[in-house]
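Shared between the two complexes below is chain A, which pairs with chain B and chain C, respectively.
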Partner chain A sequence: MRTIAWLLALILILGFLPIVTHDVTLRETVFLILMYVALAESLNVILGYTGYVSFGHIVFYGIGGYVAFVLIENYGTNIVLAMLLAGAFSAFVAYVLGLAILRLRGAYFAIATIGINEAVKALVTNLNQLGGAEGIYFNMNVYRPYGGAENAIWFAYYLMLAVTVAVVLVNWKVKRSKFGLGLMAIREDEDASLTLGVNTSMYKTIAFAISAFFPGMVGALFFFKNGNIDPESAFHLTKSIEMIFMVMLGGFGTVSGPVIGAMVYERIRGLLLVSFKALHIAISGVILLLIVLFVPRGIVGFLRERVPVLRRYFE
Partner chain B sequence: MIEIWIDSVISGILLGLVYGLAALGLNLIWGVMKVINLSHGAFIALGMFFAYFLFTFGLNPYAGVPVIFLIGVLLGMVVYFVALHRIIDAPELSTLLSTFSVSLFIIGVGTYLWSTSPYAISFDVGTISVGGMTILGTKVIAGAVSIALALSLYYFLYKTKTGKAVRAVSMNRTAAELMGINTTKILALSFGIGIALAMTAGALIATIFPFTILSGGVYELKSFVICVLGGLGSPIGALVGGLIMGILENVMALQIPTGLVPFIEFTILVIVLLLRPTGIFGGEI
Partner chain C sequence: MILEVEGLTKRFGGLVAVDGVSFEVRRGEILGIIGPNGAGKTTLFNLISGVYKPDEGRIVFDGEDITGKPPYKIARLGLARTYQVVKPLNELTVRENVMVGACFGREYLDLDSARRVADEVLRMVGLMEKAELPAGKLNVPEKKRLEMARALASKPKLVLLDEVLAGLNPAEVKGMLKVIEDVRKRGITILMIEHLMHAIMRVSDRIIVLDYGKKIAEGKPEEVANDPKVVEAYLGDPSLVLR
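== the complex of A and B ==
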């Protein structure tokens, strides 16, 4: 209870700051932070709770982005509906794929998800209906129903805040439910939990679908706000690894870990870009390596271990 | 018409051998230490640049191959002790991320030093004509070097004492340790050889195609497909997988848009993983 209370308070205070101050630069920063938080928390369901390394998870973000983009551009669908449909479609794709690939374990599953991301990217790049490698651009008229581009961007921002709050709540609910317990049992020992009566394949597939639903919506919002979408930015494997990095940095399998990880990551990234410019990729490689080697349980795991008093606050 | 087909098949076989060489490295690392090496592509690119700089210093690219192989073994051993030794028994997520961070480091420094603009080794050994077809000499030599290296690896693994120790560690590390094998040394050496194979493959590819520091990624993904096709952990599988991949790539390009080739490759990857995760030649080293 304490964990979710301060987490939601943190997100809401952060989220309302740009609205109160009407600061556009701040809004852009917070939009990015919220997006990272939402992506990291989504991945946490399959990676943190269930222990399946979805290495190409960004594919669901890209799929959601394209679904929403086509709906809005071609049929004039409202962004709220388009976002929900994009999320639902991503979840559906994950469900169907999950039935097949979740039978694979460990590294085999990781490779399969990389393969799926690359296959979808190559397919979209070759579909002229989706603009091919160049991608698609919005006709400026699509922002008219929202009262112009500026208002549309604010609207997308509110929606991102809502999605972020929703994904954190879902994470917390899952963690405390029988379903979540089943997922964590799968993570610890899949064969044992199957023997003890956990319907492992159903649990895994649903967890995969949940963790794809939110990235679908995030992709829809990001590319709606962006105004154009192309395969390279929609299915960028590095973004997948950024998501894993945030979950690891904060502490996987905890509700608060990915939130903290995402916020810290956004800061680190900004600092590196400013102070090291050309070398920022190399430095982030070094930081990632240090975390994997020395703090594998992340910030939250580290705090829980060293300062037991904090355990109630960092679930 | 038939000449074009034969031409692409031969081209495919030669390129496939080089792809197979890179995949061989990935497979050796997976087979011995159960690590998916996500820095493979970065090392392939590094091999390309080493070949380029040795060439600009006046060294024949093929004379550079042993040098690059040696550098690869050393670099790989260093990376093993820095990035892998501590977490060799941790869940696969740790090793995936640590090898990926090595890749970020190499690509980051590479981008800083050489930018992302293309380089090429302008080296010509002429062409070989067989029955009206002409094949680039560089492709023929690259294929031949790959076969030679694959045979030496086979000799090393099956005929030498150290090679047998490598195979023992891949079968059962604890038992190998109990038999008095220094497993740390063997793991480091295996990773070194795996990296050396990647860098050598890179050096050979650099004599055929232009490249950038980011080029390795494409070949890394190809290596994944090849390994899965031939069976993760199986050296012969890697070579046969490489041949299939090379031929497919060149023959398919005659029939369908080149851009769709990766889509088909990755679809094959996922299907093979699902139907036969051990690959066509699945098994131990």
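== the complex of A and C ==
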């Protein structure tokens, strides 16, 4: 209860800062932070609770982005509906893929997800209807129903805040449910869970669909705000690695871990981009290695172990 | 009859791990399974609990044909098992481990009821003081108790115990035998594999003997121990067993 209270307070305060100050630069920064938080929390459901390393998870962000983009550009769909449909479609794709690839375990599953991301990227690059490698650009008219581009961007920002709050709430609900207990049992020992009565294939597939639903919506919002979409930025494997980094840094399998990981990473990334430019991923990689070796449970796991008093605040 | 096994066969390539095994388990009894290493005992458990699908034969549990059903469905019908190589859910607490059994077992309880059942079972196996610890921190005898607790929390009709006494010192064996007796008093039928002869001879009502995947003997402990085929296959000197 305490965990979710302060997490939501933190996100809402952060989220309302740009609205109150009407600061556009701050809005861009917070949009990015919220996006990272939402992506990391989504991945947490399959990686953190269920223990399946979805390495190419960004594919669902890209799919959601394209679905929403096409709906808005070609059919004039409202962004709220487009976003929900994008999330639903990503979740559906994850469900179908999950039935096949969640039979794989460990590294084999991780490699399969990378393969899927690359395959979808190659497919989209070769589909002229989706703009091919060049991608597609919005006709500026699409922003008209929202009162112009500037207002549309603000609207996308509010929606991102709502999506972030929703994904944190879902993480908290899952963690404290029987469903979540089943997922964590799968993470710890899938064979044992199966003989204990957990319908492992159904649980894993639903978890995978949930963890794809939110990136689909995030992708829809990001590319709506961006105004153009292309395969290279939609299915960017580096973003996938960043998602894993944030979850591991903050502490996998906890509600607060990925939130903290995302916020800290956004700061680290900013610093590294300024001082090292192209090296920021390499340095992040080294940090990830150090985390896995020395603090495998991340910041939150470390705090929970060292300062038991804080456990109620860091679930 | 709570369990009927008919002509069960499982092959791994050229090896016939379980070869046409048939037997029945009566309601409320303790049926022991013994046999030399590699006789197919654990494979038999894996077949009954649904981990492997048999190549031939039929398994009927409590009047229902469960041949080839997935393990989670079999577990929900009330057939629980433990593993010879313990499989604790390391990062979860001892209580949560047991709750998994209660949540997804025969009664398919919600979290709150599962917590109550877990505490009750933890008291029974003597792990209550460790309820809040991560299961990975338990020592081996405690992990064996945890396996047992998890199986019991599912409120099974039949429980398969795979070498729950192996690796325990004499005092711990005594404690575990008491737990087994308690389980039986609750009306739960037990099918158990065990290498510790004096223990299984004492608690079992009947014993079946496997060798090279085949059932070579069945009967009361003393009959089995004196069966020349069993002696030849496995026991060596029968006087050692009945000492």
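In this text, the second predicted complex is superposed on the first by the 311 of 315 C-alpha atoms of A that agree within 3 Å, B and C clash if a C-alpha of one lies under 4 Å from a C-alpha of the other, contacts with A are read in each partner's own complex, and residues count from 1 in each chain.
The criterion applied here is as follows: a contact is a pair of C-beta atoms (placed from the backbone, for glycine too) under 8 Å apart; a residue touches a chain by one contact, two chains touch by 3 or more.
As the structure is a prediction and not an experimental result, all values here were calculated from the model.
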Room on chain A for both chain B and chain C (clash or fit): fit
Touched partner set for A:6, first chain B, second chain C, both or neither: neither
Contacts of A:189 with chain B and chain C, given as first, second, both or neither: second
Partner chain(s) touched by A:293 [first = chain B, second = chain C, both, neither]: first
Angle at chain A between chain B and chain C, C-alpha centres, nearest 10 degrees: 80
First, second, both or neither for A:177, with chain B first and chain C second: second
First, second, both or neither for A:200, with chain B first and chain C second: second
Which superposed partner A:125 touches (first chain B, second chain C, both, neither): first
Superposed model, chain A: greater residue contact from chain B or chain C: B
Shortest CA-CA distance between chain B and chain C [superposed frame, angstrom]: 13
Set of chain A residues, in rising order, touched by both chain B and chain C: none
Chain A - residues contacting chain B, complex: 47, 51, 53, 55, 100-101, 103-104, 106-108, 110-112, 114-116, 118-119, 122-123, 125-126, 133, 241, 244-245, 248, 278-286, 288-289, 292-293, 296
Interfacial residue positions of chain C with respect to chain A in the complex: 49-51, 70-72, 75-76, 80-81, 83, 87-92, 96, 99-101, 103-105, 108, 110-111, 114, 150, 154
Chain A-facing residues of chain B, complex: 30, 34, 36, 82-83, 86-87, 90-94, 96-98, 100-109, 111-112, 221, 224-225, 228, 232, 257, 259-263, 266-267, 269-270, 273-274, 277
Contact footprint of chain C on chain A as seen in their complex: 176-178, 181-182, 184-185, 187-189, 191-200, 253
